[in-house]
Amino acid sequence: MGSIYGKTLKISVFGQSHSPAIGVTIDSFPAGHAVDMEALSRFMSRRAPGRDKYSTPRREADVPEFLSGIKDGVTCGAPICAVIRNTDAHSRDYDKLSGIPRPSHADYTSTVKYGGFADMSGGGHFSGRLTAPLCVAGALCLGALERNGVKVSASVESIGGVSGSEEEMLSVISDARRDGDSVGGIIRCVADGVPVGLGDPIFDGMENRIASIVFGIPGVRGIEFGRGFEAASMRGSEHNDPFTVKDGRVVTDTNNHGGILGGITSGMPVDFRVAMKPTPSIGKEQKSVNLKEMRETELTIGGRHDPCIALRALPCVEAACAIALLDAWLESGLPLAV
Amino acid sequence: MGSIYGKTLKISVFGQSHSPAIGVTIDSFPAGHAVDMEALSRFMSRRAPGRDKYSTPRREADVPEFLSGIKDGVTCGAPICAVIRNTDAHSRDYDKLSGIPRPSHADYTSTVKYGGFADMSGGGHFSGRLTAPLCVAGALCLGALERNGVKVSASVESIGGVSGSEEEMLSVISDARRDGDSVGGIIRCVADGVPVGLGDPIFDGMENRIASIVFGIPGVRGIEFGRGFEAASMRGSEHNDPFTVKDGRVVTDTNNHGGILGGITSGMPVDFRVAMKPTPSIGKEQKSVNLKEMRETELTIGGRHDPCIALRALPCVEAACAIALLDAWLESGLPLAV
Amino acid sequence: MGSIYGKTLKISVFGQSHSPAIGVTIDSFPAGHAVDMEALSRFMSRRAPGRDKYSTPRREADVPEFLSGIKDGVTCGAPICAVIRNTDAHSRDYDKLSGIPRPSHADYTSTVKYGGFADMSGGGHFSGRLTAPLCVAGALCLGALERNGVKVSASVESIGGVSGSEEEMLSVISDARRDGDSVGGIIRCVADGVPVGLGDPIFDGMENRIASIVFGIPGVRGIEFGRGFEAASMRGSEHNDPFTVKDGRVVTDTNNHGGILGGITSGMPVDFRVAMKPTPSIGKEQKSVNLKEMRETELTIGGRHDPCIALRALPCVEAACAIALLDAWLESGLPLAV
Amino acid sequence: MGSIYGKTLKISVFGQSHSPAIGVTIDSFPAGHAVDMEALSRFMSRRAPGRDKYSTPRREADVPEFLSGIKDGVTCGAPICAVIRNTDAHSRDYDKLSGIPRPSHADYTSTVKYGGFADMSGGGHFSGRLTAPLCVAGALCLGALERNGVKVSASVESIGGVSGSEEEMLSVISDARRDGDSVGGIIRCVADGVPVGLGDPIFDGMENRIASIVFGIPGVRGIEFGRGFEAASMRGSEHNDPFTVKDGRVVTDTNNHGGILGGITSGMPVDFRVAMKPTPSIGKEQKSVNLKEMRETELTIGGRHDPCIALRALPCVEAACAIALLDAWLESGLPLAV
């Protein structure tokens, strides 16, 4: 399994849902950045489970321990390793699943790929829990970006097809939970203050880079930039963003291009939307297959699960965006203040 | 600029719209594969311009010359380099644009990034013309996949928001051309016969890999797998694909997951959709900025342009998908017949 | 700083001499390998300090904790992370050095490169202590290779220019220690049982791969394969290794080529030698510079140091060789038994 | 086969000895560098065969055609591709070898590795001819380095064990040629004017980077930095280089460290030596094996061969060094003037 992202800034995520710990190694993070541990903790708590009735009651402090790369609260240039202990794992909940793959999970594919050696307890290395170390890395990148005037912010645009007031969206989740079911959602992420010049043409464009890390968040089914799929219904005269001069800077009147032209940031906000599928772990009985006996069977998943992963995915999407931007920044040769 | 894709199989695309040639180097392509030059030529002609009234009248043979890596029509294991000469370039059409960036093009961002040294004539390295070498690499990969039972096929799903009969979609394009305008479109790509086990968790999943190369095709604004953005409106009980046994194989009743679970192919068809924006080069007068004088101005783009790039993008999407699949295949350790 | 090695099997080393822990993340290690913890422990103890009077009296258990990637003693395919706590660090010994770079150490270059943010206490990320996680990764690779018939073994060939009996070599070290000085040495490493076909031409040859990791061991000043520098004095008729048939296999009569031809292993033993410089930390007073005041000064290094790092480098060289071989093996497509 | 070097600046070499062409793609070369075609041509002619009686009479103009990445003689930021046509290949000379591997060549290992599909005519992708594209890339890098005050220069230190006057060394070559034999040699390479701060600790040190590319030159058997293997016989008090202040800069009195400390350049000259084996192709009859019949046989190699590859390897070593330095420079964040 290869779980490394990045070209200059390299993020290597490790751990399984029920291994002693999960964590992340961050290579080539620039030296001299003070790490705001309180901001990190607040950021982590947005992803953490068990905060309210809309997410899984599994409780984990998710406080990372930094093993290296930070001296007196400041990055020293050496690789940063942060680990989070797995303290509240109920592997018993999962053990009974073995041999019967959960629908829309990685159980079946990982069993075939790793010849039965995969540790799939709790989802193993495929678990949404692995987004915690992603968020640790993201928090550091968000901090560095903020010091350089960039603000990344994700919000829920719709839940189960319903957009509008928070109340309405939350009631869609409550309904799904009550039915032992789950719902999907759409997340929008905007990065303001991005300089012109991040990203490269063709395969290393900002879209490629952001998509490549965002699909690392379990449950993501689609990504679109600017007007995205809507652009396919538009005419060029409507979709093109006219250039203009404002306060001595070149900007565009509209931002249908989502802040990226030719793979390179334009100085307009980077703007993209992410589709999250409904949580595959649901309380209802489902149809599956007993792999040993190669016969159909029924399956009921116990354990604790979010009825809607889109909520807790918000900081993950921000983290992913920040990592992709900082990686491109380090390659761009543009100055980065500490 | 970094224009290399792939982890094991490495595709390096080079060339500008008006440089002496464009081309591709393919590293680590397995030895022993006979290259079907006729199939390659047919494949290239699907991407080539000037075939009908729906595409640009610019005519280029686009016949690649293989400089290395092939001996007596069979790959020999050494890096393959293929070049296509640029014979029919009218740089004069483009020269007058210099200093005034075309809306929704890379002119502005590349000028800032490369300090004015970028060769943007005809779109330079950002031109859609660079998809020709991508298709050469793709054709080789498609051949190797076909010999192993995999068939990749892309089709137009809608043009300018209109789906349905080919006639209707083409008339949308004709209308746009008549108005000196352009339209976008949606492409669906399906890969049948993919074995279980290609791709890895987290950052090297098949979605990440496919997205990462598909965004290398100019004009792509979004990508979704399986039910994609629609999944965000669904419930888990509806979206989950029940496993079942068919002809002694584990399959799913439905394919909402688009043939990928946990980043790993499931044996079901890999299925994704791509949103293409309307061609940014349109005949109508547009608003832009004179970068030297930092004042607003008008711009009319001459030259020859496709009113809808989605049509010619079909083989490009197939090529991108095939390259991503073969790269993952080579890493998977699964046998690949020659 | 970038501390990642490997193309398929990726080894990412982290930690500073005085950070809470040091460790390694191993990506893409194949699933299904039982880890022999006793063999690992024996291997680590060969590198560990404080074993005898020829090495530094600093004592560290150097017992790695595996945080991920191993389930019930068997690799599960997910990234493996192992950490070693830094329990016996005397940073006080080093603190007085700050501002005065130790000759032949990384103090000066790291201070300039990382703008003064580098954590150089105890050598920081540049410390020989970072070879402990390298050895953890190496032990796993050695285990996998052994199960496949490959045995890697390093030995001391000379110390301070003296080869011959162990007694003589050790007395060279004792003399240096007595004088508050240090000595260098030459290590020879041989890998038996390597199959034909590991490595690639040009930049990914086995020599490139092995050299690239061996220079990651602090103090290495040179590497040579087969007859190495001696080959420069030979004639072709003397240096060429005639092919012959033995027990139905193609072998060579001599092994001047050191088991690698055209970057690819030949089936003969892989054979190389490594030059280690004398430990730069010596007890004698040395000349250096006060960087703040830009004036010359004297420096005496306290702390505990090996008079000869070549001894403890033996398992490190074996580890480096094993990692390079296994990485090439995974890419070669040759079967690897678990 | 993987023939790509570099982390930021990526050099991809392609071609076989008898393919239509050989060449190189250079990715991420900075924009704005004027290419001095005359200097390039002079540089290439130092590597070119057929210049005098000490090298093979095979004559090739070796004038590269730049297909992309250069506009009006200046790099434009897009990938640079340069090709050299193979015009003077006598494959007939080589055809008779097929099935009988030449001693100390890649014939045997490549045949096993690529299942008999390798194109080994004239040495194929393993041929020393592939150093021509390496030199093209190197010439561009040397130009960029020179504009920034860095001068790389390689010289022959000894031939066949004889150092001293040029005349003596050349007579060693003449003697070998007369005997239908060949000799090895040692090359020393020095880079002056290198700034402090290129390279990284552990696996990405300048030694690792330089070794990794230098072993890409066919025939290299060893590399050593600074005092190299000699350092193994020295004491620390002798080998350590005292820091001092000179003209307001921190320098060392001696340069036993070869300009690299902790993997990072120190500002002192980068200084290394390379051992080249004697040319494996000799006129004398040799012992080998008929692979089809698995029986021993005799082999006499025809064709044209250098009796000593060390001479023509000089520009190759300079090229390799320059590429490694520029790659590290681009990553270092240090400014690079155009």
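Observations on the model:
The chains carry the letters A, B, C and D, assigned in the order they are written, with residues numbered from 1 in each.
Methods note: contacts are C-beta pairs under 8 Å (C-beta built on N, C-alpha and C of every residue); 3 or more make two chains touch, one makes a residue touch a chain.
Everything numeric in this text was worked out from a predicted model, so none of it was measured.
Between subunit A and subunit C, the least number of touch steps comes to 1. Looking at which of B-C and B-D shares more C-beta pairs in contact, the answer is the pair B-D. Relative to subunit B, the most remote chain by averaged C-alpha coordinates is C. For this pair, subunit C with subunit D, the centres built from the Cα atoms lie 26 Å apart.
Mean C-alpha positions place subunit B and subunit C at a centre distance of 44 Å. If you average the CA atoms of subunit B and of subunit D, the two centres end up 37 Å from each other.
Within subunit C, contacts with two or more other chains are made by residues 1-4, 13, 78, 110, 113, 125, 201, 331.
Those residues of subunit A that touch subunit C in the shared complex are 1-4, 10, 12-16, 19-23, 25, 27-28, 31-32, 65-71, 74-81, 83, 110, 113-115, 117-119, 121, 124-125.
The touching residues of subunit B, when paired with subunit A in their complex, are 1-5, 7, 11, 13, 101, 103-106, 108-110, 112-113, 125-126, 130, 158, 160-161, 176, 179, 181-186, 196-197, 200-205, 207-209, 211-213, 215-216, 218, 220-245, 248, 250, 252-253, 256-258, 261-266, 275-282, 284, 286-289, 291, 294-296, 310, 331-332. The touching residues of subunit D, counted against subunit A in their complex, run 8, 78, 201, 331, 333.
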